[in-house]
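Each structure below is given as structure tokens.
Paired with chain B in one complex and with chain C in the other, chain A is shared by the two complexes that follow.
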Partner chain A sequence: MRLTPDEIIFWQHEPFKLNATIAFTWALMLVMVVGSKLITRRLSAGLHRSRWQNFLEIIVVGIEKQIAEVGLSRPRQYLGFLGTLFLFVAFASLCTVIPGYEPPTGSLSTTAALALCVMVAVPFFGIAEQGLAAYFRSYVEPTFIMLPFNIISEISRTLALAVRLFGNMMSGAMIIAILLTITPFIFPIVMSALGLLTGMVQAYIFSILAAVYIAAATRTREPKAERAASP
Partner chain B sequence: MEFVTPNLTNLLTTAVGFILFVWVLAKFAWGPILTLLDQRRDAIQGDYAAAEKNLEEAEQLRGEFESKLHDIKVIEREKVQEAVKRGEGLAASIVAKANEDAVQKVAKAEEDIELETQQAQLVLRDSVVAMAIGAAEKVIGERLDDQLHRRLIQEYIDSIGPGSAPHA
Partner chain C sequence: MLIDWFTVGAQVVNFLVLVWLLKRFLYKPILDALDSREKRIAQELAAADASKVEARSERDAFQAKNVEFDQQRAALLNQATVEAEAVRHRLLEEARQAATTLNAKRQEALRNEARNLNQVIRHRTQQEVLAIARKALADLAGTTLEAQLGEVFRRRLRELDGEAKERLGQAIRTATSPSVVRSAFDLPPDQRAAIQAALNDTFAAEIPLRFEADRDVIGGIEFAANGQKVAWSIADYADSLEERVAELLQEKGRPEEG
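Entry: the complex of A and B
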């Protein structure tokens, strides 16, 4: 039984190795890029819109609203990153209905890569919002003793992000694989449907946590400013 | 436990690929969709503002029409009052003319009555004179000079006055 798509090797030429994780990751990205290009090619600003456009607008507006609800005052600034993150993880889970497909999010390499992107994005947006000095000053607040703890916090939450998504996706795939060997009919279908739901929930959790981390990084100085403003 | 150890090559490749992916989607998907949503939002806001403006204009027109309607009612009331006044004046003049006519007719009638009375008095006087002559002739038995007789009777009648004529 395969535990991760890393074990499926499509092509190998030392030192290069093309496994299922990389292949499906890039395939998903390619499909999403081509799909978005096709959908956005015939966008209409009028009253008559295609179903695809309506669907796309619902998704975009929904993500924007979610980001705003997390507490980010300018959700559009983060929509590109957080929206893409959500759509990628969700699409990777949805494609599990395709026979032969292995979700790349079932590989720790992919989830760690996504978590690494979040880890880079958090200070990126924090510095963009507050400035370099103000952002790094937040690491030594309220005292400089907090610096190692804040650094550990940054690393641990990145690890938690990666492992949470990987664990959920891998466990789902494992449960389905085990059930297939025990009861090959009907029950694995139910579990696959449940796996789709779990995948969507994980995509939502991953994106919302990323939004929360970004919100925390961009609002570090706000309480002080509020205190100064209050009489 | 190899599956819980991330492959560094895979990790870096995916990370770089994902960053590129974010950039490409931002350029080809999020950008156009957000622009479109902005355009639609602006269009809806424009329509809403136009509707608000039209409503405002309609309210203004309504105010003007109500003001004009009020003016028309005032003018109508003034004209009715004027017509009533004119009618009252006309009625007064008709009544005055009728009164004048009536007074004139009464005066004329009184004048006619006076003339008739005078004529009747003359006729009566002549009759009285004639009867008196006849009676005197029978009493004295001789014929008096008619001219003298008449003069005497006339003097008598004149002495007793015109008001006593019917009694004579």
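Entry: the complex of A and C
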């Protein structure tokens, strides 16, 4: 039984290989970038604008609002990273309606790559926001004993991010495959619809968790600053 | 092994490239468009607010001007009305005064005319009556008018009734100066003697007399003693005639006044 699209390899030349995960990722990237480029080619700053422009504005503004609600004070700074996370995972799930398509997020390699990106992005944004020393000091607060626990927490949550998304996406594809062999009518459709829903929820969860981690990393010092400000 | 590390690395690179591409082609243009639209809307709203404020201030100014204009108009109208009323009153008063003056003048002229006419008529009547009486007496009795006048006077003297006679007698007795007999002409001596005799006879005393000629006593004889008087004159008749004529003139004049 095939658990991951990594196993479908189109071309290989050690150490390089082109498997289905990478190929579908490229396809998704191509569609997203070309679609964006086509729509944003003729943007209107006036009151009359195209439906596609409205659609993209709704998505972008919605993501921006979600980031702001998590507690990040400058959402546009994180929009590129968090927005792309959400759009990539959501679009990858959405395309499961296309026959023959294998979601790249159903590969643990992809989810691990995304989780690694989050793991790197959290200290990156934290240091950018509050400085190197202040960020690393947050690992030993309130006491030095917390340092190993904080490090374990960093690693475990990255792992959890990767495995959660992979498990959900893989299981969705797996259930449909199993159901197709048992009851080829109706049920696969229902499960496919359910899979779309879970995919959207997973995209939301993944990006929101990343936003929460980044918010936690960038806001560590703020309560102290507030305490100092109010005697 | 579920994780292929080459694929992980490739996906990291893919993801980072996707982030860069979407930033370049999606987020930036969309956010720029949003910002410029918001800015434009804000500008339009600000312009609308400004024009609204301007319109409101202009409206206020117009209203203030309207009120001022109304007040001025009302004041002017009021002033004009008052002036017109004053002028009307003045003109009416002047006309009334002119009419009154004219009326008074006309009435005065009428009265003067009537008075003059009266005098003329009285004078002429007296003269005529006197002339007629004189001529009639002369023609009929062959005696002079004076003699006849003296005769009438003496008869009236004798015909005095008790009370008048008593009062006259009292006056004669208490008089310090001689009693006066006035006539329009100088009485001849025989007339004087006859009057003296008649008076003496009437009051049974010697009465001192003084005879005077007075043109005012027209065609008659007047006896006066200490304020009491006995007189007979054509002037009495003339007076009554004058009254009648005056009444007649008034009756004639009244319709003209109305």
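List of remarks:
Criterion: the second predicted complex is superposed on the first by the 228 of 231 C-alpha atoms of A that agree within 3 Å, B and C clash if a C-alpha of one lies under 4 Å from a C-alpha of the other, contacts with A are read in each partner's own complex, and residues count from 1 in each chain.
In this section, a contact is a pair of C-beta atoms (placed from the backbone, for glycine too) under 8 Å apart; a residue touches a chain by one contact, two chains touch by 3 or more.
Bear in mind that the values here come from a model prediction, so they are computed numbers and not experimental data.
Applying the stated clash criterion after superposition on chain A shows that chain B and chain C collide.
In the superposed pair of complexes, A:T218 makes contact with neither chain B nor chain C.
Touch criterion met: A:T21 reaches chain B and chain C at once.
By the touch criterion defined above, A:L116 lies against chain B and chain C together after alignment on the C-alpha atoms of chain A.
By the touch criterion defined above, A:S192 reaches neither chain B nor chain C. In this superposition on chain A, the options for chain C are 43-51, 169-177, 187-195 or 205-213, and chain B clashes with just 43-51.
In the superposition on chain A, the residues of chain A touched by chain B in one structure and by chain C in the other are 3-4, 6, 17, 19, 21-22, 25-26, 29, 32-33, 36-37, 40, 43, 45, 56-57, 60-61, 76, 79-81, 83-84, 87-88, 104, 107-110, 112-114, 116-117.
Taken in their complex, chain C has these residues touching chain A: 2-12, 14-23, 25-27, 29-34, 36-37, 40. Only residues 3-4, 6, 15-17, 19, 21-22, 25-26, 29, 32-33, 36-37, 40, 43-47, 49, 53, 56-57, 60-61, 76, 79-81, 83-84, 87-88, 104, 107-110, 112-114, 116-117, 166 of chain A touch chain C when the two sit together in their complex. Per the touch definition, chain B reaches chain A in the complex via residues 2-7, 9-15, 17-19, 21-22, 24-26, 28-30, 32-34, 36-37, 39-40, 43.
Chain A contributes residues 3-4, 6-7, 17, 19, 21-22, 25-26, 29, 32-33, 36-37, 39-40, 43, 45, 56-57, 60-61, 76, 79-81, 83-85, 87-88, 104, 107-110, 112-114, 116-117, 162, 170 to its touches with chain B in the complex.
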